[in-house]
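Remarks on the structure that follows.
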Amino acid sequence: MTRLTAPLDAALSRQRIETPSWGYGNSGTRFKTFAAPGAARDVSEKIDDAAEVHRLTGIAPSVALHIPWDEVDDYAALGQYARERGVSIGAINPNVFQDDVYRLGSVTHPDEAVREQAVSHLLDCVEVMRQTGSRDLSLWFADGTNYAGQDDLRRRKHAMRAALKRVHDALPDGGRMLVEYKLFEPAFYATDLFDWGAAYAHCVAIGEKAQVLVDLGHHAQGVNIEQIVAFLLDEGRLGGFHFNARRYADDDLIVGTGNPFELFCIYAELVAAGHADDQITRRTAQNVAYMIDQSHNIEPKVEAMLQSVLNCQDAYAKALLIDRDALRAAQQAGDVLAAHRALTDAFRTDVRPLLAEWRDVHGLPSDPIAAHRASGYQATVARERGTAQGGGGYPVREKTLTR
Amino acid sequence: MTRLTAPLDAALSRQRIETPSWGYGNSGTRFKTFAAPGAARDVSEKIDDAAEVHRLTGIAPSVALHIPWDEVDDYAALGQYARERGVSIGAINPNVFQDDVYRLGSVTHPDEAVREQAVSHLLDCVEVMRQTGSRDLSLWFADGTNYAGQDDLRRRKHAMRAALKRVHDALPDGGRMLVEYKLFEPAFYATDLFDWGAAYAHCVAIGEKAQVLVDLGHHAQGVNIEQIVAFLLDEGRLGGFHFNARRYADDDLIVGTGNPFELFCIYAELVAAGHADDQITRRTAQNVAYMIDQSHNIEPKVEAMLQSVLNCQDAYAKALLIDRDALRAAQQAGDVLAAHRALTDAFRTDVRPLLAEWRDVHGLPSDPIAAHRASGYQATVARERGTAQGGGGYPVREKTLTR
Amino acid sequence: MTRLTAPLDAALSRQRIETPSWGYGNSGTRFKTFAAPGAARDVSEKIDDAAEVHRLTGIAPSVALHIPWDEVDDYAALGQYARERGVSIGAINPNVFQDDVYRLGSVTHPDEAVREQAVSHLLDCVEVMRQTGSRDLSLWFADGTNYAGQDDLRRRKHAMRAALKRVHDALPDGGRMLVEYKLFEPAFYATDLFDWGAAYAHCVAIGEKAQVLVDLGHHAQGVNIEQIVAFLLDEGRLGGFHFNARRYADDDLIVGTGNPFELFCIYAELVAAGHADDQITRRTAQNVAYMIDQSHNIEPKVEAMLQSVLNCQDAYAKALLIDRDALRAAQQAGDVLAAHRALTDAFRTDVRPLLAEWRDVHGLPSDPIAAHRASGYQATVARERGTAQGGGGYPVREKTLTR
Amino acid sequence: MTRLTAPLDAALSRQRIETPSWGYGNSGTRFKTFAAPGAARDVSEKIDDAAEVHRLTGIAPSVALHIPWDEVDDYAALGQYARERGVSIGAINPNVFQDDVYRLGSVTHPDEAVREQAVSHLLDCVEVMRQTGSRDLSLWFADGTNYAGQDDLRRRKHAMRAALKRVHDALPDGGRMLVEYKLFEPAFYATDLFDWGAAYAHCVAIGEKAQVLVDLGHHAQGVNIEQIVAFLLDEGRLGGFHFNARRYADDDLIVGTGNPFELFCIYAELVAAGHADDQITRRTAQNVAYMIDQSHNIEPKVEAMLQSVLNCQDAYAKALLIDRDALRAAQQAGDVLAAHRALTDAFRTDVRPLLAEWRDVHGLPSDPIAAHRASGYQATVARERGTAQGGGGYPVREKTLTR
């Protein structure tokens, strides 16, 4: 059985997974949002839930905010509220996709006034960064088109770059912007930031504080995500992750549930980059922001988030167990199958005992899910918060014929 | 230039495209529903809009209803309302995906009480069929699972079959049930009716009134839809279509906008089957229900529906122009490229003059889009109906921190 | 640690994986076939290699033949040769895709003479079945078209059914035909047996001896294979597997290397069906033929096959460990995440010690790969057989300009 | 009907499509290469065929070479041979994927000696460029891995960059290297140049003579190719195309046969970029190399190439007809459907009369396919050249059991 050595303990203790405030509230598909009993109704309840996840896992000490969903008058008070519960405010996520003016885009909209409104909101969020002490501004744009010809693709590219540049130059010292890309949805013909290459090209053109954010659900079928991760690490442009799982589109399921081996391979690249000879690669790996971004439609919110954090821990622990000397030797010898087995041997290891031991050592419940289920937390919030209306997507009942 | 011969006139005059009531109201993505000015607010306004589409195109004489979105106390009155506007009530579409009890499924839910509630609604819709004189009950189920192990796939299959059988046996004489399948969404691990094969196997097991419905957006990448159409026509089990366009997932864009050649190839199979030697194939082709099913997020509702109907007319007209003797001769000779060109020659033909002539002959505006734009219809309904709240998908603003 | 109980021992001892003769010879991509040192040059060497795989694993006791690649004058002698080496002859695989007459298809070719030639070969292979005592005739057709219009899809469907029917009716008592489907390749517009639904519909129409064969690499992106497996088991029509792994197309990599969790989920359905209440499902599960079908381009042949067999054993062992009572209870309670964890708990178990113990008990090397590497087998065959010319796909060097 | 105005005539007369020498010889899939009667057997016959395509179309005046398939001792003589037939030598395509040493890669191989051999061949091809006066070195690498862990992805990236840099710096004045990317095949886990972003990042790092080559068949499902084209044009890094069509993988079918609207949209971006305000974009568009890269398995070689060239002409002609003022006005007004129709109106136009007129004016046969069929060219080459052995992919007959 794998023992908790000092280096393993140190490595495991360094892991950080940020959970998103919106993961604790109701969310759903375009067809229906099922109201979850006890779903968080406001930012303080979201912080309460995030704190519970951190209390049980020990590796989820921060919570990402979404503006304006989590907008408050006093961010200092909000930060204080979080600290009192053992967590801190993480990345700031602007929202430039839910105002009616954004029907045809935000920063790439044909109308300059709309573009200005969007940039203005982004700059407001930079101000929220300052007030919350956040390092990262996490940018996702729904911008794109649904039909060939609908808009000029190069014009939109120019508008995107101009907006990113303005926000970049307003970032505080030590601040970063994480530029997220997505294959599609809600745009169905062309998305302005359509893949890592587009995000990367913009970041390089804009400046040092711009980094690419990889959302695991935002790729075409078959795309090798760990290779993109390795490429961006090597170029010094990997800023962070939005973790989730997908089989089809941007399914936003619990990370690691569809293909746990893929998550392991991603962590394997990250761990390897942390030991790279190249200093830029190493430093880039050390500064990666690990964030969950999921939309739980049918799962209990807090338990789903716990499971997500634990799945990341599982994958990371296995990646730490790779025998890197054996791997390198097999690779250099061109021994295809031995090199592959150097990976799979680590993956096949059952790290549950190791992680239970690490939790014991650090005063955490050895089985966080069981502890959560035993704690009564879910029943308590269900009772206290009730069940909000779900709403969502498609029309519900229209009024009946009256004429 | 292609002339409007009598056979062409007759064939074009036989075309029917049913538009969906829900296509005239607001709809959107999980992120946002943009409220469209003048979007229909109730079933009577939806019928008004459908009538406008029919008035301009002449080939959209019926409108599909969705229950309970379009539920009324008096369906006879609703039918009368429609007839007065020149259209009729088409397929009935039950909704077993928006009640909170359906979080884990409807007819395949683990709990028998929920399954009963779902079947009961389906049987109610059979009653609506009787009252509206509809031939087709159009069944789509959101049922499925998000995680491996979440439920027993074979148990769910049995439950699906039992429910379909009960509904089938309750259908009126001359009535049909159209069983729709879908690769995914809102289920992200396994959808109970996951492809045409699953729908087909159920239909064959259930009875003669069960037919498969093909939604163009519900297939995996690369799947050849016209081949499925040909296969089902040949087996006598193609009941109808939900027309739309997709590049990625179930994008629900205007049919024919992404790959017009694919839509043409589908119509080519349908026209060919209408001339098949085999009587079952021929009769099946004659009874296919052609229905639009789209979700217009950013387009004006009525114009988008007009465009959809016209794109189907364009594809059908081109399919009618295929030189079937030349095609057959080339196929039999194994002349790959000549056979392919027999199709593409028809596709490359500009049928706009032909269709304008057909419209002239039948007292329709020669350019329906231009006529619609000139009519002031959109401005009128925008003024009369106003702009409803969009709502939709992801949370909007939560209340701020109050503690 | 998981102990080898008697039921586990019995279940593990029942597992059978058939290896294919062609997996021991050279094969490659259209670009290049890299000649592997020691690759088997004829059917006797292939049997030698298969016997080595069985000697080391104990669960690969049969070898599939491909006709005419493995054609011999005296199949009785071939069977005797195999038995002397501890293995037997498995499924018979006809080849109707490599004669020049098959350019436009075999059993669905436009020309009746070609169709007859193809059927005649299939019937010859039925005769080989009799001579080798094989239960299964494994049918894969390259038939299809590359361009819309190239041929009549319904005519080809009729031709396919007629051919399958003739072969079916010629099968010996107790014999079966396994009908394999494939999304694409080498046909790039439409493949005549394009998915499980097409294969299933043909099998049902043809007769009881026709069963569907699932090749893991023959599906569109996102398709849920374990659900197809469950569906076919439930319908009593799952005949067998061609195991391999794929990320993109029909990559024909070592099974279980891309997404080991998927292979586990497939085995989970098979194990569950083996305990089904329904007798047909249970018997179908018991008669499934498990076969490898891979094309190793860069890997050592025998080691790659060993790894393939072991990956299947790993997945099967984990599937046996699923706590089915806990799973069913969670499913019935609608406890989404507990049900999922009932699966993942089994998957996360390290079954290497269990399998080593099982091998010890049965007199097998506890680490077959290590034993193979230590045995000198690869060096021996490389020396004895040499390295054949690879050939393959794209042109190599043409003669130079001579005019 | 659209008239051949002077600007249209000028634009159509500027179009150039380069055909590949290897498109005139036998090629196939991994399963089988069907020998085509009269397929070119050497580079001179390939040039004869290319000259025939140019003679009939007037827009295919150059032919790409593949080294060593087309290697000759005297390239000056080869150029002279080509000129005498009315064509010239185009891009030079090295081959670093068919030697046995390239089993694990060429320029990214783990072994430095292999990397050197590959770079050395590339440098030899630069020398061929000088001798043939070719502007473009067209680089495609089969380099990649089949299994996770097989090799170090970042090491391979460094090796790729180093090799590209060496070749870049050896290019003649005015020479360019076109860096092709590919999602997969023959590598099935990770391809070293896996998408446009990877190729782009390398090009930017390497120097001004490095440009990205877009092969239409080398993308994941759903990827918007015209957007990549627009992005690269805007960045000044689009070097050229490999035209073909695909539905599934890299099917290498005749360009424009699967989705002619997509090909039109790509040309629409190219035509638009040719009128861009930005000088770099404009100049980049003017220097794009348009090349066919297809693998005809079942089609007659010369006719297939003719069809390919004509399909490009069709798409380009339609793109020239776009009413760019109307398009821009609709885009700026946010009139989604009018903007889309500005594209589709051009696409729906039948340009066959226009192109026939253009051919008349320029002394070309008005129907090149019909002229080719009437010319007897195919029968002549079939008689003179005979039918070579096909060979290809999977094993054919092995020798029978001899022991």
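Going in written order, the chains are labelled A, B, C and D, and every chain counts its residues from 1.
Definition applied: contacts are C-beta pairs under 8 Å (C-beta built on N, C-alpha and C of every residue); 3 or more make two chains touch, one makes a residue touch a chain.
What you see is a predicted model; the values in this text were computed from it and never measured.
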item	value
Neighbouring chains shared between chain B and chain D, ordered by label	A, C
A-C or B-C - the one linked by more C-beta pairs in contact	B-C
Interchain centroid distance [CA atoms averaged], chain A/chain B, Å	36
Euclidean distance of C-alpha centroids - chain A vs chain C, Å	39
Overlap residues in chain D, where contacts from two or more other chains coincide	104, 146-148, 183-184, 189, 221-222, 224, 247-248, 257-258, 261, 298-299, 336-337, 340-341, 344
Chain C-touching residues of chain B, taken from the complex the two chains share	104, 110-111, 146-155, 157-158, 183-184, 189-190, 194-198, 200-201, 204, 219-224, 226-227, 230-231, 233-235, 261, 265, 268-269, 272-273, 276, 281, 327-328, 331-334, 336-337, 339-344
Touch list for chain C against partner chain A, complex	221-222, 224, 247-248, 257-262, 298-300, 303-304, 307, 314, 336-337, 340-341, 344, 347-350, 352, 369
Complex interface listing, chain D residues touching chain C	22, 25-35, 41-44, 68-74, 77-78, 81, 97-98, 100, 102-104, 142, 146-148, 183-186, 188-189, 221, 246-249, 251, 253-254, 257-258, 295, 297-299, 390-403
